[in-house]
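Next, two complexes with subunit A in common: one pairs it with subunit B, the other with subunit C.
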Partner chain A sequence: MRSSWKKWRLPVIMLGPFLILVVIFYFIPVILTAILAFTGMDSSMRWEFIELNNFRKLLADPNIGLILKNTVTYVLFTLVINVFFGFILALLTTYFIRWERTSLFFRTIWMLPRITPPVVYALLWIWFFDPSEYGLLNSIRSLFGLPPVSYLTTQPMLIIILANGLIGASFGMIIFSSAIKSIPRDLFYAADVDGAGHLSVIKDIIFPHIRWPFMFVTIWQLLSLLTSYEYILLITDGGPVNATEVLALYSYHKAFQNFEYGYGSAISLIIVIIAFFISLLLWKVFGMGKMIRPTRIE
Partner chain B sequence: MKIELKNITKSFDKKTNTIDNLNLSIEDGEFIALLGPSGCGKTTTMLMIAGIYKPDSGDILFDGQRVNEVEPKDRNVGMVFQSYALYPHMTVLDNIAFPLKQQKVKKEERIQRAKEAAATVHLEQYLHRKPGELSGGQQQRVALARAIVKNPRLLLLDEPMSNLDERLRIEMRSEISRLQKKLGITTILVTHDQQEAMTLADRIAVMKDGQIIQYDTPMALYYQPENLYVARFIGTPPMNFLHGSVNNGILHLHNRKLPLETRLLTKSYNGDVIVGIRPHDIQLGSHGDLQLEGTIQFVETIGHAKLINVLVGDTMIRFFTNPFLDLVPGMNIQFSANSSDLHIFDGKTEKRILKKKDLKAIRKSNAVNQILPHAADSKKSG
Partner chain C sequence: MRPFKKWFLIIASILLITIMSACGSDDGSDGGSNQSATGDSNTITIRVQSLSPETTRVENIALAAEKLNEELKAEGEDIQIQVETDMYDGSSDDYAKQFMLAHQAKKEPDIYTTGHENIGWLADGNYILPLNELKDSEAYKDTFPLIWDAVTYKGEIWGAPQDMESRPVYYNKNLLRELGWTDEEIESLPEKVVNGEFTLDDMTRVAEEAVNKGIVENGIIHRPVEGTDFHAHIFNFGGTVYDSEQNKIVFDKPAVEKTLQYFDEITEKGLTPKDITQMEWSNIHRTVVNGKTLFYYGGLWNVFNWADDPYHDELGKVDEEWVHENFGMMLIPASEKGGKPNTLSHPFVYTVSSNTEHFDYIVRLLEIVADPEIQANHDVKTAHLPVTQSAAEHPDIKNNMTLGKATYMLDYTTFVPNHKDFSAFSKAIFSAIQAVELDQKTVEEAMNDLETQLQNDLGDELIIKE
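Entry: the complex of A and B
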């Protein structure tokens, strides 16, 4: 007994705080969400189990078709911008701009929105597209005598995708540029001597080397986009008339605007299940198992 | 292809010159080596010839044409890197065919030529493996095949054998030599291994601090080193050095006096000197006119000879003896060398102060014509 305590003492002390945090902030919320999804909890905070009623309600929800469609559009297009724009930025700042200081400067600029509070970032976008003549785009239009346009009502989804895509690109940029920088310089020299142009270097040298980071960023961004809603909330709040309402935002609205905690949790649970199956699918598609397997060569 | 470097200067930090006003000329079909310790600028020089670095000033000429601004891909050079730099996700065949693919050679011909190149380096069985599944020696062959597949006008080898074990290195040395002769391609080898440079190159440029110290044939570097640096660098085991002085045409060395008069470059030379003697030029006993004695410190058995380490005064002298002699540390022995075999350098400038030895005379004294009566005359008196 005593000796086993001796053996486990250090691991328990080292891992304990971390385990407690994981249980409180990761594990319990998932379980709570799952349980809440089967209750009709509202602002009175009563645990009232109503079996599958929340899910029946969801299926019958007249908005659900549009919301699902919005979610798919939002996630897919933002993901493409996130990943490809991130890749292009990484290429520009590591391969094409060889001077480290310049590329660091550009990368820092792209990181700025990450360290700005989301509210400020969202405000900038609102100001940019504001329908009055004080909005940046409309003030430019007025210089040419054009009437103001309400972009936020005519193209809300496009604006949401751009706002999320541009800020999200910095994540891919950082991961990809460090991956590109870890490619041995000799390989670029060899490709130069072998007569490879830029396109071939990107296709034959850079891309194969960042294949795993590329998959990682894709999966990571896909999952975080599926559950993210803060910029949509701040810029359009899902409007106009649900035009930019996505599943995660819908869950928030139901839970914190209509105080239908049970229903909101049910929607969240659906998101968790979708995320789980997408991860599983991508894991298989990308062959991630191969990546974490030990190498065959010493 | 004839290569010329004229007054090349290259600096990476704007303060010191990595390459300092370097001049080098390589004849068509010649095999030369850039030899020097790490950091002397030999790889930088090679990367400038490949076009990866641009010189700050000076001209690089290929067959008389200035190529300073020509991109690497348009220079038609093949290169083998120290790390081999194989494309890890491509098979051996794809690696070798890569330069041809860039030249838009048709797929069938590309594969055909890649296979031929692979065959010249004996890689036929490994065409569909990835570089990670090959041994170091095999990877090196892939790198070599990839460098020669497009029939380049110039072959650059950057320390190609430094990652191989000794046996494989000797094997690859003869392979590279054979390939270079067969293709007749102008070749530049960068190496810090003087033995590798000596065995492979027609001429060797010994480099130090971004400058070429001496550019000569291996035999000339061995028998006529221009300065202490070259003398120290060339030859295994390395040359022995003793401190002495020259006064009125007489060499004073460990209480011995040797007349030098006619052999001095400047008759009136006076001052401290460093005397170099190659281990092969020393023998036991007192046959030579420079006689020395000392205490044996250490004996290395090689098989065909014994390498004796003798302390003379406070300098260690190494030389070969008959392997069957019973020599043990602590013994006092006498040994000697011929004054004509001495290399003498100025103690301050470290430049040679003796006239160059005549290689033809050395040939004669070695009685080459009697050993090889016919072949000897046709060979260059390297």
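Entry: the complex of A and C
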């Protein structure tokens, strides 16, 4: 007993604080959400268990079809921008621009939206696309005698995808940049000597080396996008008429605008379940198990 | 491995117990709340909170406290009231949410100033205390009778009426002049509306004429976001939204359909931009102040907004005098010839937290705050109407250019109900109007979707009137 305490004392002390944080901030909220999903908690904040009523209500909700479609559109297209645009940026700033100072400058520019407070970033988009003649885009158009346009009404999803895609690309850019930089330079020299073109270098040297970061960024961003809604909330608030309402935002609206906490939690629980299955699926598809297997070289 | 499992289990259980006991330990205790504790045992601190930008709502409570302190001194009581004020900056939904959470943590203000329609959920959730004594109080004896309806829920009074307003239709005098109207015709328009001679259809017709002649870009502008204004139209088309006997929301299909048809008509005719609900509030104000719309469904307090922010392209901030020189105010014209026009009031009320320990002093404060002088302080500065007859007679209010012109509107006013689910109903109605305006749905489709949505959202709390 004593010896085993001695053996595990250090890991317990080291892991303790981390475990507490995980329990408080990850484990308990999920459990609470799961319990709340079966209650009819509203503005009175009372725990009234109503069995599966929230889920029945969700199935009968006239908006749910559109919201699911929006969620898929938003997550997939934003993900494509996040990952591929991030990859292109990383390529440009590490492979094509060889001067470290210049590439650092460009990377910093792309990091700017990320260090801008979300409200300010969103307001810039709103001001730019405001449909009245006072909007920035329409002010510019009026200089050329063009009538005002309202892209927030006609193309709201496109604006949301662009706003989220551009801000998210910087995450992929950073990860991919460091991955590309860690590729031994000799390989590039060898490719140069062999007369390989840029496309061949990217396809045969860079891509195989950043395969794991690529998968990590894809999974990470996919899960983040599934649960994120802050820029949608700030730019269109899910509108007009639910055109940009996604599942996570719907949960927020129901819980914190209509004060249907129980119903909002039920929607969140669905998101948790979807995220769980997507994680499992991608784990299998990408063969992530292989990546975290202990190395065979001792 | 086994000893590790055992230790892991023990530590995990201790952690869970600690966390759970920490979560539950707040009940019953003071919780470091808002009560007194200023170091001086004879000082009672009362916290009052309101929503930006009208700071006078909380300042008035501080003024009332000064008077109460004098009274307490005269009565020989060794107690002084100190008022801590807090202004919340944010949407009304967030304002409600923060109160809900603060109340759970016992850190809420003693006096929570809010729109009357929140009384339903505040009362149902035991957040606030009834204030029935106010109705018999000397200070509120000449309250406009209609206002008591706005603070009554399930037969009890839940708030002290703080102010009133009306939501007039602003019309641009210069544009009417360009249209060939004489000064006399322009000045007598509010009266014609009162008499039911100038109807909603007439308003649409005049707006159409102005737009078609190229005098102005927009005929009619309304608020860009959800709000109570839209329900005034349901009332105007002879509908209702609430059954007080059963305490249920009413989906009055014929009236809601007419409301949707109206908004469809004004956007189809090009009088209102189809994407108006995508505009920012500040751009709505700019459109109105710069004479780019003939009519505007506004609020009395807009006079205060336009003086507060520089919306005019050349003049910047515009004062009350300028507003009345360039704009007239009228009720929402009746939907039928000879019918009764209307407007809608959204009184703010002081509610008292159920956790407060100073109920008696707060009631005294709420009585003093109804003093005409104190009411006038808020009403004149923020362009709101008083709640008592004696305050309406106060020279500052009577002689005020804006308030003097709008007090008669209280005879035509309507209110939204205090039901806890009204907010969900209101959002669904707004969403239907938006869909029709944006041509995303026909009126018929919007009505069908609205019915399904309301049935799903409100369930048993809804009555459908065919």
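Throughout what follows, the second predicted complex is superposed on the first by the 282 of 298 C-alpha atoms of A that agree within 3 Å, B and C clash if a C-alpha of one lies under 4 Å from a C-alpha of the other, contacts with A are read in each partner's own complex, and residues count from 1 in each chain.
Basically, contacts are C-beta pairs under 8 Å (C-beta built on N, C-alpha and C of every residue); 3 or more make two chains touch, one makes a residue touch a chain.
These figures come from a predicted structure and were not determined experimentally.
J.: State whether A:16 touches subunit B only (first), subunit C only (second), both chains, or neither.
T.: second
J.: Regarding the shared-chain residue A:186, is it in contact with subunit B (first), subunit C (second), both, or neither?
T.: first
J.: Could you say whether A:245 touches subunit B, subunit C, both of them, or neither, answering first, second, both or neither?
T.: The answer is neither, since A:245 touches no partner chain.
J.: Using the superposition described at the top, determine whether subunit B or subunit C touches more residues of subunit A.
T.: Result: the larger residue contact count on subunit A belongs to C.
J.: Is A:57 touching the first partner subunit B, the second partner subunit C, both, or neither of them?
T.: second
J.: Which residues form the common part of the subunit A surface touched by subunit B and by subunit C?
T.: In subunit A, no position sits in both the subunit B and subunit C interfaces.
J.: Under the touch definition given earlier, write down the residues of subunit B that touch subunit A in their complex.
T.: 47, 50-52, 71-74, 77-79, 81-83, 85-90, 98-99, 102-103, 132-133, 146, 150, 156
J.: For the complex, which residues does subunit A have touching subunit B?
T.: Contacts found on subunit A: 184, 186-187, 189-197, 200, 204-205, 208-209, 295-297.
J.: Show me the residue ranges of subunit A that touch subunit C in the complex, using the header's touch definition.
T.: Of all residues in subunit A, those touching subunit C are 1, 4-5, 7-8, 12, 16, 19-20, 23-24, 28, 42-46, 57, 60-63, 126-127, 130-132, 134-135, 150, 152-153, 239-243, 256-260.
J.: Could you pull out which subunit C residues touch subunit A in their complex?
T.: 3-4, 7-8, 11-12, 15-16, 19, 93, 96-97, 100, 104, 121, 124-126, 273-275, 277-280, 282-284, 286-287, 420, 423-424, 427, 431, 434-435, 438, 440-441, 449, 452-453, 456-457
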